[in-house]
Amino acid sequence: MGKLILKRVLLFFGLLLPVIAFAEETEISCVICHSGLSGEIVAAVDQWKRSIHKSVGVSCPDCHGGNPDSMENAMDKKAGFRGRPKIEDIPALCASCHADVQKMRQYNIRVDQYAEYKSSVHGTLLLKKGDTNVATCVSCHGKHEIRKKGDPLSTVYYANVPETCGKCHSDKQKMKPYGIPTDQLDDYKKSYHGQILYGKIKGKNPALAPNCADCHGIHGATPPGVEEVVNVCGNCHSKTAGYYRESPHYLAMQEIGVPRCVDCHSNHNIQFPSVEMFTGKGEGRCGACHEEGSLPLETAKEMKELFGKVIISVEEGEREVKEIRSSGRNIDELLLDIDEARGMVTEAITVTHTLDPVKVKKLLDDSVKRLDEISYVAKEVRKDIKIRHIAFLGIITLILIIVILLLLKLRSLKYL
Amino acid sequence: MGKDEEIKGEPFFPNHVLKEIIIFLFILGLIITLATFIPAPMGSKADPFSTPEHIKPEWYFLAGYQLLKLAEKLDFLGAWAPKLIGVLGQGFIVAIIFFLPFIDRGSERYPHKRPIVTTLGILGVVSFIILTVWGHYS
Amino acid sequence: MGEEKTDPSLLKSTRRSFLDILIGLGFSVLGVLTFYPVIRYLWPSMNSGGTKESGITISLTELSTGKSKVVVVGGKPVIVVRTEVGVFALSAVCTHLGCIVKWDGSLNRLICPCHAASFDLNGNVLGGPAPKPLSTLSTKVVRDSILIGKA
Amino acid sequence: MHKEEKELRKKDIEKRTLFRELFDIFSLTGFLYGPLDERLKFRDALEKQLKKTTPHYRFFIERNFLACLGGITFVLFLIQVATGVLLLMYYRPTIAEAYNSIVEITNNIHFGWLVRGMHHWAANVMIITVILHMTRVFFVGAYKPPRDFNWLTGMTLLLLTFTFGFSGYLLPWSQISYWATTVGTDSIGAVPFIGETLRYFVRGGPQVSQLALTRFFALHVVILPGVALFCLGLHFLMIRRQGISEPL
């Protein structure tokens, strides 16, 4: 409250004695003159006040040029006043600071964004073909309200990235000249990755889910190349990528270009893989490429059967173990065993990328063996519970009989 | 002598002892039933570096626990007030019950002939039950 | 003392004693039913008695020539002695009163510290109060390890 | 009649041979009917005790089952002693092993679940009965002189029961027991002047750790039972000397 009054007083004096006001807050000198023009600049200043730039002292003239210290030539083009920067100038303007190692060192942030941007599709279109329709720095980071990427309100916060990219890439009008689809954002939101990012999958960390930038790159935004798909997915799914490279699929991919990861799992709308993929003719199913009755499809059917059985027995094992909890027993060890068995199944799922049923079967057999042990223990405990209940009935009956006898005795004493 | 006893009461042995044995068997049956069908809780091993949520004491300390929580409303008296009043207040209540025979010195035994003590007792029992239930559900 | 004379009291007493017998019987059964779980509870379970393995392997480097080592085989202490002649393994429990015997390299004997019973490396009693020889275990040196009690 | 009986006994003793007498001393009946009783007068003392009467209660319940609450509590105490000793056979009071030993008792030891379950439930029921017992004594005014000092031993026993519960709760060293004890001992710190010191003393350190477990174990298994037995003795002795209070 007091501060506000102080500010108003200063503003009042500022009108009379601009020099005093400049000493207090430089921003004010731009605002004083511009506030009368329209609301736009006030809004821009408000936005800027919330930005990271304000807190590190980057102010209006740093981007817009000009000299706010002198009333006369504040907006003199000769003195370097830029006004609204041209779109094609923006990357270089930002880079004037952000590519400067000396300046960026104190903030401990990288300086290669401009170089990466220049190599990107966005960058080449803008800088080489002069296409001002493409994304520049401000398209993603905002104009005045630029926030740190760790700030949840930032447009480049990991959870906001899909919407930020989608702002342009879902716009049919904007994408028309390039002939690329506009349904990526919707697809991504439906995908398993998207579901994790938006916190809809329990037990998965949203911060670890890939957003657009994780596959397409951040500043060097470029569509992943054919060979690179495995590399891109393999960045996180390294084990799966390794198994894939062992498989006949990889040889085929090198020769004829398919199947890549996205051919079976799709690209933006990635769903959690299921054993259903082994059968059927739809997109992403084995039958989409392989003919009915061919050896690969028979192998796929065999694998599906293997998995179907084991997945059921894992669920059964878990149910059995939870059932015996009523015995008051500590079942941590058994649950750990179940987790291990389930881990083996998960491992087996990645091993299916080798297309080698022998390797898959070996893992699944181990898993089944572990599950059998668990279910043996569960059975023993269930038997034990049954015995407990029978023994309980016996002893309670005995106690009741004795109580009745004692009551009879008590009566005989009373009426003696 | 025999007539005298009948008027005074019943013999400790065997009558009273028999009753005690019957009650004992009853209690034994009850405890075996409870132990068979509601096993003692197991929980997970203590981890001094992670406090579980909704930590609560055993049910018979819930009333005291709830009183401590209620005493937190007294923080307008200062930061020292809630805990001190909560703990000392309970100590005071226990001390009063402890030394009850020396506070309530009247020789009258009928509950309805000593209304103050009886009312206080009923209030005490009721508030113990309410606080316990409240502590359980809060 | 004078019950024979009056019939009703006799009847009463027999009825009562029958009840007493039933009650006694009930309590005896209850007692047995209490006793059984207690004994089962107290009886040491199988897995708390140590390993059931009948043989172990130790490394040759753990045992230089002329030295001895007491190891546990199948839950019982066993003394392993390495001499120039070879490696010997014997029960380390003295047959006299159950102390653990020691290897005395200078005398070439196993000596019990409690009552000075002495044994040779084949377990035979050489002196002292021991009534029986020490039992021996088979030993075998495979490369750099000693197999004890493994056939 | 009395004199005649004594005469008979005297004659009986005279008939005995030395060997028979020695044999009888070691027999079970020696205590109540044999030569030991002749010297120690167990039987007379016991009969005197057993012949004492308990009053008929008309208040609350005609058949005076409410008067049994104290007896039930004692019986529960005996159950606790028996099952507690059994648990002691397998319990290991270290922070590394305590929880594992409890798991072993419930999972692997025959009837371990029953012993632990009974100990757990008898403790809870005992708290209920001890409170009910106190409430009954309160409302029928049985705490009035001359039984005022017995109320003191009774209240001590009630507090002991609560301390039993509190100390026993820590012993399984599970999450809930650890944190309940941390919170519980923390409120000791609110006592003025000596609070912090007292809390440090009770916990055996700044935090609940091994020393606290050892302390609570010793308290639960040795110290409290000893004190409780002493108080129980006093409690019963006073009841015997003063008789159960007359019913209203």
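General observations
So that you can tell them apart, the chains are marked A, B, C and D in the order they are listed, and the count of residues begins at 1 in each.
The rule is short, and it goes like this: contacts are C-beta pairs under 8 Å (C-beta built on N, C-alpha and C of every residue); 3 or more make two chains touch, one makes a residue touch a chain.
Quick caveat, the model's predicted, so the values are computed rather than measured.
Seen from the Cα centre of chain D, the chain whose own Cα centre is farthest off is A.
Comparing chain pairs A-B and A-C by the number of C-beta pairs in contact, the larger count belongs to A-B.
Centre to centre, using the average C-alpha position, chain A and chain B are separated by 54 Å. The mean-CA centres of chain A and chain C are about 62 angstrom from one another, to the nearest whole unit. Work out the mean CA point of chain B and of chain D, and you get 18 Å between them. Contact of a single residue of chain D with at least two other chains is seen at positions 103, 106, 113-114, 116-117. Of all residues in chain B, those touching 2 or more other chains are 15, 19, 28, 32, 36, 39-42, 44, listed in ascending order.
In chain C, no residue reaches two or more other chains under the touch definition. Touching chain C in their complex are the following residues of chain A: 394-395, 398-399, 401-402, 405-406, 408-409, 412, 416.
Interface residues of chain A facing chain D in the complex, by the touch rule stated above, are 327-330. Residues of chain B that touch chain D in their complex: 5, 8-13, 15-17, 19-20, 23-24, 27-28, 30-32, 34-36, 38-48, 51-52, 55-61, 68, 83-84, 86-88, 91, 94, 97-102, 104, 106-111, 114, 118, 121, 125. Residue ranges on chain D touching chain B, taken from their complex, read 49-56, 64-65, 68, 71-72, 75-76, 79, 95, 99, 102-103, 106, 113-114, 116-122, 124-125, 127, 131, 135, 138-145, 147-149, 151-152, 155, 159, 162, 165-166, 169, 172-180, 183-184, 187-192, 207-209, 245, 248. By the touch rule above, chain D contacts chain C in their complex via residues 86, 89, 108-112, 114-115.
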